[in-house]
Amino acid sequence: MLDTDTITTPDGRTIGGTVMDLRNITLRFGGVEAIKDISFDIREGEIRAIIGPNGAGKSSMLNVISGFYVPQEGEVWYRGKLRPKMKPYEVAQQGIARTFQNIALFEGMSVLDNVMTGRLGHMKTNMLSQAIWWGRAAKEETENRAAVERVIDFLEIQAIRKTPVGRLPYGLKKRVELARALAAEPSLLLLDEPMAGMNVEEKEDMSRFILDVNDEFGTTIALIEHDMGVVMDLSDRVVVMDYGRKIGDGTPDEVRNNQAVIDAYLGVAHD
Amino acid sequence: QLVFPSLSYRTGPYAAGGIPFADGYADYFTLLNERDGGIGGVPTRVIECETGYNTEKGVECYESTKGEGALVYQPLSTGITYQLIPKTAADGIPMHTMGYGRTSAANGEVFNNIFNYPANYWDGASIAINYLLSENDGSLEGKKIALLYHNSAYGKEPIRTLQELSVKHGFELTELPVDHPGQEQKSQWLQIRREQPDYVIMWGWGVMNQVAIQEAANIRYPMDQFIGNWWAGSENDVLPVGDAADGYKALAMHNVGTDFPIFADLEQYVTGAGKAAGNGDQVGTVLYNRGFYAAMLAAEAVKKAQEIHGEPNITPAMMRDGMEALVIDEALMESLGMPNFGPAFTVSCQDHGGSGQGKVQQWDASAKEWKIITDWIESDASVIDPLIAEDSAAYAAENNVDLACQ
Amino acid sequence: MPDTQLDAKPDPATEPATEDALLEVNNIEVIYNHVILVLKGVSLSVPKGGITALLGGNGAGKTTTLKAISNLLRSERGDVTKGSILYKGDRIQGLSPADLVERGVIQVMEGRHCFEHLTIEENLLTGAYTRRDGGKATADDLEMVYDYFPRLRERRKSQAGYTSGGEQQMCAIGRAMMARPEMILLDEPSMGLAPQLVEQIFGIVKRLNEEQGVTFLLAEQNTNVALRFAHYGYILESGRIVMDGPAADLRENPDVKEFYLGMSDEGRKSFRDVRSYRRRKRWLS
Amino acid sequence: MLYREAGDFKTSYPADNQTFPIKFDRWGYWVILAFAIFVVPFLVNDYWASSLLVPFLIYAIAALGLNILVGYCGQVSLGTGGFMAVGAYSSYKFMTAFPWMDMFTVTLLSGLVTAAVGALFGLPSLRIKGFYLAVATLAAQFFLVWLFNKVPWFYNYSASGQISAPERSVFGITVTGPNTEAWAQYAFSLVFVIVLAWVARNLTRGTMGRKWMAIRDMDIAAEIIGVNPLRAKLSAFAVSSFFIGVSGALFFTIYLGAVEVGEAFGIQKSFLVLFMVIIGGLGSIFGSFAGAAFLVLLPVVLKLVGVDLLGWPTDIVAHLNLVIVGALIVFFLIVEPHGLAQIWRVTKEKLRLWPFPH
Amino acid sequence: MPDQLLFGMEVALNGLMAGVMYALVALGFVLIFKASGIFNYAQGVMALFAAMTLVGIQNGQVPFSYLINAIFGTDIQYFGWQAPALLAILLTVVVMAGFAWLVNRYIFSHLVNQEPIILFMATIGLAYFLEGVADLMWGSEIKKLDVGLPQGINDWIDQTTFEAFGYGFFIDNLDIVATIIAALLVAGLVLFSQYTKQGRALRAVADDHQAALSVGISLNFIWVLVWSIAGFVALVAGIMWGAKSGVQFSLSLIALKALPVLMLGGFTSIPGAIVGGLIIGVGEKLFEFLIGAPFLGGATENWFAYVLALVFLVFRPQGLFGEKIIERV
């Protein structure tokens, strides 16, 4: 059964019912068991963090959600339905967008084109119409361009619009990746270490963007991050993984004081 | 000036065959210039253009040389020939495809300005069979003959003829295609070894030839039962195989060696004078002599044209007339210092194919030379002529050709 | 300005070599693809046996500086067009990266760059490529690396391409340690590592520095940690050094505090409370 | 100071999206186009048409097609020769089976047939990648050539397996066969080039092109963000093969008039077109033209200089030709690995900055 | 029909032998690919060049004589000595090493860290260049290559099998020699690449040029080394094939026979080249014997080799022994 009730977080935000429910997921690569029987859920409109030491299986979990890895055991429930076996692009078409830990931008294309690829799900004209670039195709291009420009403005990357992404420094690439994911107007956004390689100032900006997306569009966000400050400040609920197991799940405060989490991951209690 | 473009190939996969031919073709005209001051007092000029046996370059060469007053084209490639047949027809320039090209071009009514004398592929196939008939007391009944051919337009040419002949003479024909370039022929030769055909006829070109001869030697196939056509019978094909190639036979459309008076002139005026084309080391080889012979036929046609039109500076159209009126006989060849160099034949408006005669030569590995072992052998016109008529009629219909010679 | 020509003995008059500076970068300019000017006159000096931090935002040019030093720039179609780089008083611009490693300078590249198809252990062993002190020493060092990073020992037979981001980062650092260098150029070592591990890695840096006298130049976004462990810091913005000083001083600088450490006068702010996107840095005005 | 975008403001997204954002380029483009359409046809003679312009145009179409596949979609293919053969043989079959059909229809239909064949041979690309795929496409190359050589139906049972294009016309102007005027050959090819280049440009700047490029740059990521790899790859194979099929058809009907499959559409052709694409610049329309021009014109120019001007023996010139072309390829790559198109872009970028170096 | 079976066996055996010949060429590709990720289109031309150089040295031919003669109007062609085969082979190896050095110095050291397709392109340029140079240097006529390798049917096998089955199998002596040499080469190369420091470095370089540089691997050294070895392998292939068909242009086309082998065995695997060669050899010969020649009119080997490899690839996209293609995000 899916939980459709709304709950209220300690800091007073209301979050909705379950959007995605992962049940008893186990994922193996040959002998390596990357995820061992993990269950957790993601609720409408929340910011859900996944943390854990390196190699814990966080990214693998995200890959399971986005359909790139197919777990050997377990079920993925999305919006009240058991998700059948799906190709990643079909998952994307259901409104799930993501960014990647090792930046996966299309290096040969400009920033603008990269962000435009985020809109592919919204562009439907057929090839013939595109070939002659008349009527529908041109119109659709302009409309979607406008949507993309809004995202670009939002993320403040106007200046690099036409730059090939290959030339960008690491941090900007991360931002472009976020822009690409946002352009898809997803209902569930998965972020894999969006702030790695940024300094505090840039992390602040990034946090701002994430919070705004969440606030303004009500986008549900699942996020992996190693900066505890960011995680604790932003997220509504946190899952902690270690060696493929779930060792904690709850509000930031609960997690922070969980001894198992402190031992496995935090080292010292974070305030 | 009398311009003779030479679409040669001194590079690429068939360079080994292209070089001696081009050398011979050029040297003959050089000889005429040096010794006689040209033909009928007009000096000749050979424009060489490298095709690399590639049709596109062939077209480029054709287009770039035709404006220079080219009298006759000799492309030395079946592919380029097919390319140029319609073009030369449109431009009214004759083309001579000596022992290659489109066989049915022998029908001068349809192919008014294409000439393939003295003999064509189908003649070649028939000559080979006639030779074998003579070896077997006139009957090939029940014999097995394998055709090993270059899997291209060129290699496929003799198939129809041989099929007809196999019906006529009751031998069994096996067709063994070899893909370009033909360096790997294990399968074909294992099959030959299993089936032990009485004879193997080869329609090869380039590296395919020496690999075939090598493989034949490897399986100890009797060399004297292995006969190549005239493009599979040069020194290039047998020398790399060494002694094992001894006894290999091939067709010949002209004589071999340097044992002709004209070669003394050549030595005096050309090679000795350092005016030879290329390296100058090809004189007397089979393909050199072929180029030389082709040049001689062209020069004789020029003389004929000059004679007909009374004009030493001839045009391509006059050249065509000269070729159509060409008469080569023993006396003429004798006077040129090339006695018995090629067959005697006459060309007419209807018949551009020459006498269709050929000889058989055999490789002597110890002396490293080819020996002619037969006299001129006739081809079987009763089989070939209908084939030519049929094929040329089809071409005429497809391309709306108006018949000439009416 | 001196050109990029290789000449081993620099003119002492124009290029004074500080007594204890192991590495000196004098006013270099870097251009990518002949058109994109990235570094606009960067000078820094790294004292022997010190840990020097290079700080700065995204695209400031930290990576470029490190690559200019290790000469990996050439393979990115970048060029040092002005200035000079001295290592132990010798110009090193013309040397190949391999020569530099032989001389004791090794770089840990940003973004891990493990050899995907090699196993973790083979990756580590390639680090010892230039060493000539025998298999025993290499084996010992391998053990040392495994002791520092037990996680790697577990995954030693896995192809590096299939390990997690953090594991790859450990592998890259371990690989550089295997070369037993005198100087390590560390590019964002903390990126993608769990907090505990970040501490650990810096602990290792410190230990290597103190116990074995390895000199470090590290480019780091995690200013907080970097300034805790470094002795000296440079702050780079848009291809220029805008500030430098002993780490302790930098930590106290109000700008650094605000922009790099995320502290305001009232202590650490919550990421939730940051409201304005654009603030001005005082050194830019 | 001529070459500036300053003062050339874009006020709408379509304007910002146009092919030549800089006025000077736009003008240059129109001038060249006008020259090609209104001037060249009156100047060409047989030599210019059959040795330079027509092959250049036809190879440009093939290069455009292959560039879509290799440069935009990242699927390296060595089957170009085979696909050109499909175009050529289909056009031959259409021409002989339906003598009334006009050449535009024939050529387009040949393109469509090739597109279907190309998509079929594109199927393995779903599993096979990179150079493995490149080598795998050679299966198509060899198989198709073998097929056209072997099955007599394709060459209407002619004795030698050669096919020759009968005379056909468009609007009463003969465009195939020996009696074609040089300008007609040229103009007919030019029409296809212009239209197809325009189509290629449209396809590559829009949704389709972005899907292809996404697959090229990182296929897994592309799939995860919602690109259906099957459709993207097959559409690239189909579109690319359409272009290549058209060029194959023109190659046979307009340019050579008679071909033999192994010789005209052998593996060498596959390589040649691939070279054009890479030398010109992967993922660039201009590059396709530049590459085709480079490999068609350079050998001719070298030959003219060597043989006609300097009077060297043809074979030495031919060998030197190889040496020079090879050295130039390497030289360009070292100067700029991303092809002539990139050299052109960088030059423009410099020009934009000129006279200030940075 | 037992006859048919025997024939089939003979065909299969010869297929194995042919496969070894293909593998000899494929090995050169593998080496370079393994060490730099470069798909070396020029490998075939290198075989041609090596063989031409060998013959040229053996016959005491003056390099570039034709060019020299054409320019200076001289008439030189031969030095007038004949070098013994072994010495000529040694000298050729030296030439190939020099060639490797030049290639690295003037081409690949400028192309570090470029995409594979660009490196591939550079090898195409190199192939053109080398082909032209080879022809200018030694002339394009056919040359006979003779280093004293035995050729022709092996009588012992013929006899033995005849006594056993009543049908003597044909095995070419040259193929037997090739097999032995190939086995030695492969063993040596496998040892080299798996168990030496250089071997490991080689694989590292192929993965990531820049990272390899950063750990101090000298790309120059590795590449010169590998190209030299590849040059040596090319020479071996050139000798074997040259003995079969004479030395001329078409020798460079043997590369085409090596490609399916390469893809089947995996671009990065030395043993893969051999196994792939054997499978391709047997596969294409048997197909031609059983289906091609009787039903399809023959000459199917060229495409069948590729189709066979393709089928394998659909199941294993990295070839039988190739390194797994890492697909991760």
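The chains carry the letters A, B, C, D and E, assigned in the order they are written, with residues numbered from 1 in each.
What we mean here is this: a residue touches a chain if its C-beta (ideal position, glycine included) is under 8 Å from a C-beta of that chain, and two chains touch if they have at least 3 such contacts.
Computed from a predicted model, the values in this text were never measured in an experiment.
Using the contact threshold fixed earlier, the set of chains in contact with both subunit D and subunit E is A, B, C.
Between subunit B and subunit C, the least number of touching-chain steps is 2.
If you take subunit B and subunit D together, the chains in touch with both are E. Pairs C-E and C-D differ in how many C-beta pairs touch across them, and the larger number is found at C-E. Taking the mean of C-alpha positions as each chain's centre, the chain lying farthest from the centre of subunit C is B.
Between the Cα centres of subunit A and subunit D there is a gap of 42 Å. In terms of their C-alpha centroids, the spacing between subunit B and subunit E amounts to 35 Å. Chain centres here are Cα averages; for subunit A and subunit E they lie 50 Å apart.
As a whole-number value, the distance joining the C-alpha centres of subunit A and subunit B reads 74 Å. Taken residue by residue, subunit B touches two or more other chains at 10-11, 15, 19, 151, 179, whereas all remaining positions touch fewer. Within subunit E, residues 66, 135, 140, 297, 299, 302, 328-329 each touch two or more of the remaining chains. Shared interface positions of subunit C, i.e. residues touching 2 or more other chains, are given as 36, 162. Across the whole structure, chains are in contact as follows: A-C, A-D, A-E, B-D, B-E, C-D, C-E, D-E. Listed in rising order, the residues of subunit A touching subunit C in the complex are 29, 32, 52-56, 59, 101-102, 156, 167-172, 193, 196-205, 207-208, 211, 226-230, 233-234, 265-267.
Those residues of subunit D whose C-beta lies close enough to touch subunit A in the complex are 12-14, 17, 199, 202-203, 206-208, 210-211, 213-214, 216-218, 220-229, 235, 239, 283.
By the touch criterion given at the top, residues 39, 66-67, 70, 106-107, 110-111, 114-118, 120-122, 124-133, 135-136, 140, 256, 259-260, 262-263, 267, 296-297, 299-300, 302-303, 306-307, 309-310, 313-314, 317-319, 325, 327-329 of subunit E touch subunit D in their complex.
By the touch rule above, subunit A contacts subunit D in their complex via residues 66-68, 87-89, 91-93, 97-98, 100, 104-109, 113, 116-118, 120-121, 123, 125, 127, 130-133, 137-138, 140-142, 145-146, 149, 180-181, 184. Interface residues of subunit C, counted against subunit D in their complex, comprise 31, 33-37.
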